[in-house]
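Quick notes on the structure that follows.
To keep things simple, chains are lettered A, B, C and D as they appear, and every chain counts its residues starting from 1.
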Amino acid sequence: MQPQRTANDYKSDLKPVWCPGCGDFGVLKGVYEAMLNLQLDPDKVAIVSGIGCSGRLPYFTKCYSFHSVHGRSLPTAMGIKLANPELTVLAAGGDGDGFAIGGGHIPHVARKNIDITYIVMDNEIYGLTKGQVAPTSPLSQSYSTAPFGNLESGIDPVALVLSYGATYVARGFSGDPGMLAELIQKGIEHKGFSFIHVLSPCPTFNKVVTFKSIRAKTQAVHGHDPTDLRKALDLALDSNAIHLGVFYQMEKKSYNDRWQEVWDQASQKPGNLEDLLQRYA
Amino acid sequence: MQPQRTANDYKSDLKPVWCPGCGDFGVLKGVYEAMLNLQLDPDKVAIVSGIGCSGRLPYFTKCYSFHSVHGRSLPTAMGIKLANPELTVLAAGGDGDGFAIGGGHIPHVARKNIDITYIVMDNEIYGLTKGQVAPTSPLSQSYSTAPFGNLESGIDPVALVLSYGATYVARGFSGDPGMLAELIQKGIEHKGFSFIHVLSPCPTFNKVVTFKSIRAKTQAVHGHDPTDLRKALDLALDSNAIHLGVFYQMEKKSYNDRWQEVWDQASQKPGNLEDLLQRYA
Amino acid sequence: MKKEVLVRVGGEGGEGVISTGEILTQALARSSYDVFTYRTYPAEIKGGYAMFQVRISTQGPVPSAGENPDLLVLFNREAYENNASLIEKDTLLIYDSQEFEPQEACFPYAIPLGKIAREQIGNPLTKNIVCLGAISQILGAPMDRVREILRSKFASKGDLLIEKNLLALETGWKYVQENFPARPEFRLESPSRKKDDIVVSGNQAICLGAVVAGCRAMFGYPITPASDILEWMSRELPRFQGIVVQTEDEIAALSATIGASYAGKKSMTATSGPGFSLMTELMGLASMAEIPVVVVDSQRSGPSTGMPTKTEQSDLNLAVYGAHGEGPRIVIAPMDVEDCFYQAVQAFNMAEKYQLPVVLLTDQSLSQRTQTIPRPILSQISVVQRSRAIHLNGEALKRYAITEDGVSPVSLPGDPGGRYIATGLEHDEEGNPQYDPEIHEQMMAKRFKKLEKAVEEPRFVAQYGAESGEIGIICWGSTAGVVREAVEEAQAEGLSVGTLIPKMLYPVRSREISQFVSCFRKILVPELNFTGQLATLIRTQVSVDLISYTKCQGVPFTPVEILAKIRELHELGGDSLERQKYAATANS
Amino acid sequence: MKKEVLVRVGGEGGEGVISTGEILTQALARSSYDVFTYRTYPAEIKGGYAMFQVRISTQGPVPSAGENPDLLVLFNREAYENNASLIEKDTLLIYDSQEFEPQEACFPYAIPLGKIAREQIGNPLTKNIVCLGAISQILGAPMDRVREILRSKFASKGDLLIEKNLLALETGWKYVQENFPARPEFRLESPSRKKDDIVVSGNQAICLGAVVAGCRAMFGYPITPASDILEWMSRELPRFQGIVVQTEDEIAALSATIGASYAGKKSMTATSGPGFSLMTELMGLASMAEIPVVVVDSQRSGPSTGMPTKTEQSDLNLAVYGAHGEGPRIVIAPMDVEDCFYQAVQAFNMAEKYQLPVVLLTDQSLSQRTQTIPRPILSQISVVQRSRAIHLNGEALKRYAITEDGVSPVSLPGDPGGRYIATGLEHDEEGNPQYDPEIHEQMMAKRFKKLEKAVEEPRFVAQYGAESGEIGIICWGSTAGVVREAVEEAQAEGLSVGTLIPKMLYPVRSREISQFVSCFRKILVPELNFTGQLATLIRTQVSVDLISYTKCQGVPFTPVEILAKIRELHELGGDSLERQKYAATANS
């Protein structure tokens, strides 16, 4: 029997390159903890990321990792999960990576209900490129590329992904890595597409969103029935508070399950190379 | 004074290339009619489309048109509307063009609330490329690229675009060009992003979605308050019927309005080339 | 009796032009005739001119689509106008007498096709099958085969429709027998031998090759003329426990292909120009992260949306240079349908061996061409597997170890102790980000070293005709067959001509090309594009004066065009003609 | 006293390395010194080695970043290790004595920078300003200017911070004065003349040029090292009633740019390699639909994500060939900061004149380099406007009319009676879809005709040094300055060397290049990439043996490297060296 794994089994030798005080440290902690709690074998985990400060997360784990290009973590993760369903597959990235350049991919992994856990570190700004406006940035706030104030309303990732039909939708906060670890753990355990929106400050470029400001605006969900999609949408659209916790969870066949059915069905007439050629003779 | 315009003022000399019985004829009719009802000057209208059978629509109008590449009608239309706010700008295309390859653009034009009327002709299939599965195709149905049955749940365009924060969301049916014309007309009149989801059969490749089957499943919205977003979402998620009509409409500053504010603000310190150079002297 | 016959059917898209030709082709091919088809159809679904052509031989492999038809079938006036120039004294012309009257034709067969279908069969859609009966009568086609194929084609549509179609077939057959004199000169001879052949299209051959090579994952997005690869794989790969997914776009398709390959499945995607353009960034990622993938680009007429159903050889530049920065890839172009099979296998082999992206370049005319080809002998095909790292012993895997040939050991997610990070950032041997100037240069060299080996791989160049002499022709892809035919004819005329067909286009096979060009006085490079992309590419590596001969019309060369060019160059003679002149103007 | 001095500051990202250098640069530049900066910094936000270097001259324009520093400032051990090899006998080395001890240095200035900041100023972040005071003392920099810039830099941060920083400055200044002997040999001479100059970075010069050329719409997506173009335009263009939008990705950016230009606004986007790769499909659309757009690609080290903050000249292939099918475009590379301004104007002029996409290729080192340049005289700059169709008279506009130069009349949406459809499909003169073989070939020819004219446009080639002789150097973009400096020195040594700098890279300036190469015995092509992209491109058009000299390390050439190469080629001599040898190996 494999001896109990320790936190060190998940940490790589690379020192995180994030600025002191960056929220992403908390997320990394949450990821370590979730894996530890589940006693995952790091060799059986693949973490995929896109580009951004947040996209560096996989380097700091001892899992198989793929640092893909900007916005493409999800389709890459999908390829991995389909090719090897045995793997636990995580995708991680920022708000820009996920909802700007990569935004077109989310509806399609969500509706497939593919068993990937997707963690978005939302700092309402482009960190790595030094402070431009992000899709989650609020209206009117100023940024280097919106010096007259943002002219667009920020998107609401939770509402969006709910409407995409995701089967596990949660929100965490990098200031509470314990709760976050729990949300991630549940997401990994969930058989299907899990989306975890993480509020994660960028103290270097976003002076408005801080650990303190987030604490003031957020509250843990209470007495919410996570199987009720409309209530989940209500909660997401609630203009009085930002809720943390599980918004929605629903059992549905995962994409790999459906593929298994296809393979079962197809294997009634299994492929054979000579037969294939014969068909054209 | 300009004499009253007639239908012919909107029709180009090109004969539509669609198959007999294609739903897109009805949509074209609706577009002509809406323009006629509004007595638009065709020289002041720009219609942008992507690639697909549906993407051929602009050729059959006498408006300024742009047949862009697959999936890019919305950002192209945005460029046009920003460059010349005087123009009435329409975008048109199919379900694949809009929600597969172009799906990443919708949230961002929606949250800008840019004054474009976007018409999606949804036949639940890829028509031009001859019958592949589309993002709106239902689970389990078979297609040339889903011979074992579609393994993905179809997206719900109305719910999606509502969650994107669009300010005008409606659904029409190409079997009812009159109603459609009205919905398009309202969309054009609406100052902001208007989205019109049109059920439009492809008799050639989609044998399941027909004028008849759509008629059987749809009903016009009744007694619905289109200013209530949650009710609109409920209506969209209603599993008993597919509703036709205006789901949601809301007044909000349009993107061009916000740009006007920026220009007004900026003009307090208007740009001057020599001054600009002087700054670096 | 004819040893070879060329049948062309023209009409409006939706009139059954393509299926008339396809059924005829299948029936003849299954009766051991050699076939070679060519089709062109409108970009619209209905309406517009469609054409199907099949060249049938009793003498063995057909090298090209051929020239003027022996038997021309025209459904309407537009088709007539498009083909009038091809009508010769000895053309047999079948046409719908209610649609138009031809000006001249040697053997006019006026048949009221539409009327017969409507009135005698009671189904206007059977017009093309009436016509098929007429053609079969004239050629003496094996009617049992034709019926067999008709039956299986309509199997899912119910017995009534099958009966209607069989009736239409007989009616057409009889109409000719009763109304026209017997013309034995148009009858096909019996095929000379029974062979172990198969009849497939270029795209089908690619699919078969991919499955044989071990491909078990495909991600793609529909696009003409590559869609049927995705469709074929969707049907067949699940039977091999494989995965096929239609993604939301081509970017997702190549991303997922890369992901699946990283996780250990041989993976591919297939697209055409517009989709291939969208994959540009990810081609660089596959190269940098050293992930084997195969990208099929079935070229069509560009630029931009261009002419989606027409052929062109104009994506070579993009295949070779398409990505920011410099990441090695291999570009392979099969030269005919048989080669589609073998080069698909080779594409996977090269991808796995060198851990990089391989582009397989075909085009509309080759992808959608059906040819009789020798049945591959599976036991003789060698398949390369990725070189896995073993004995990790707790040490970190040097996934990007600098080795002599640039190829490094690899692990797959799940392999105990093989953990590494695949990354698009520049990195050290373990995959950790590294921006040190020397390491960047070393890693660039490591990655490009693979091409030095790859360019020495055997069997990526074919050569036909004279081995030295007056005119050497270098060509690629779908153009090869036409050139081979022209070369044979030219040689029969006593002209000294040979041709070299590089199948690996990048890295450039400089050694073989230099050797070839040194054996001929003039070098002609015919290709289906505007700027002469292969000629340009060769000039980057081989210092030689090439005569670039381009055709950019969306349709293939004909053997006569190439032959005319050969004759012209021959007549110009060697001394009066300075190579430099051509070189200087070739690209202007 | 020094006529020229080179100051380099190295430390960890986040220590203020870059801002120390920037403030010094600004202060000296505003006092009429000529400056030339070069920076390199980590791809991470915090941590990693950052470096800023400024070369200051009293003698007029500075051609390159220069070689070894006269005054070297090192904040920590890593910076020391990175720079130890540059330390010479006469280097003045300022370092933080609490961080490390250097092995050797001629003039070591150990200053407890961090300690002073913490203990005397009470703010550890002012360490770099203490250091700035020390540097100012040694160089005799104009302290009033330095203070002025400090004040404006911290203006928004409150008076307290301004006071702290001014105190830090004085403290550093005094520390040197009190603890080290006066070293007049390090003091800068007064600048020789008062000039009408401006001090800008390459990216700023591009922005200024764009605004002057009439650009009134920009759509972009952030990416290093192009982001500051988007940021600059966001601030300034609205004052000209212009539009700047950060889009959701680069695909949307170029789509919107094309849309805005179609609707009549001169429009641009700016990106770097990864974003440029994503624009590939839309480059073809702009070319096919004949919409003028300017795409700035500030190159960085590739392939893939590569080394995002490092420089490279490796996107030339993509700029020239990046799109499926064949659509003409123009590629322009400015050769220094001043040229960034003029070529930005020219990019818009060419785009409008020829109605096609123009790529403006810069790179990290040039984009982020600050140089003193002559202030442009606006009245002397000519700006091209799109040729509008007039007198439509109710007839359909032949938007794609085949004309002698390939340029067709254009209308803008809203123009009465000017209705047309811009399309990526092949089309006839009115824009209607057309798949006729001849029309496709004619339209291809029409579009490519534009390049025949464009290649004759004047002022796209610069030439320096000997006009004929032993060694001719062809180079491009950011490498030009280094080469010019090396050429001058080589000439001073009596070597006969000249250089040709094509600024229009595509279409290839074959005439000028042929002319140039015929005047020299050997042709050297130095560039910052791995495969020698310019050399390769030239070979496609000009039959000449080139000596490709590449450096692929993410950092610029130094003048000494080029000079060494010149000397080496000179010493090899002409006769012992056959050109062919080089040609054959250059690309291996």
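We adopt the following convention: contacts are C-beta pairs under 8 Å (C-beta built on N, C-alpha and C of every residue); 3 or more make two chains touch, one makes a residue touch a chain.
Bear in mind the structure is a predicted one, so any value in this text is a computation, not a measurement.
Distances between chain centres, each the mean of the C-alpha atoms, put C farthest from chain A.
Set side by side, the interfaces A-D and A-C show unequal numbers of C-beta pairs in contact, with more at A-C. Annotation: 38 Å between the Cα-based centres of chain B and chain C.
If you average the CA atoms of chain A and of chain B, the two centres end up 30 Å from each other. Between chain A and chain C, the centres computed from C-alpha atoms are 42 Å apart.
Those residues of chain D in touch with two or more other chains are numbered 43, 48, 238, 248-249, 274, 281, 285, 289, 304-305, 423-425, 433.
In chain B, the residues that reach two or more other chains under the touch definition are 67, 69, 100-101, 103-105, 107-108, 135, 148, 259, 262, 265-266.
Across the complex, chain D meets chain A through its residues 14, 43-48, 221-224, 227, 230-231, 234-235, 238, 244, 246, 248-250, 274, 304-305. Residues 42-43, 48, 272-274, 276-278, 280-281, 284-285, 287-289, 297, 299, 301-310, 312, 314-315, 317-318, 320-327, 423-426, 433, 435, 437-438, 440-441, 444-445, 448, 452, 529-531, 533, 536-537, 539-541, 543, 545, 551-555, 580, 583, 587-588 of chain C touch chain D in their complex. Those residues of chain D that touch chain B in the complex are listed here as 196-200, 204, 208, 211-212, 217, 219, 236-241, 243, 245, 247-249, 251-253, 255-265, 267, 281-282, 285, 289, 375-376, 378, 412-425, 432-433. Of all residues in chain B, only 14, 42-44, 46, 48, 58-59, 62-69, 72, 75-84, 86-87, 104-105, 107-108, 259, 262-263, 265-267, 269-271, 273-274, 276-277, 280-281 touch chain D in the complex they form. Interface residues of chain B facing chain A in the complex, by the touch rule stated above, are 99-105, 107-108, 111-113, 135, 148, 151-156, 159-160, 162-165, 229-230, 233-234, 237, 255, 258-259, 262, 265-266.
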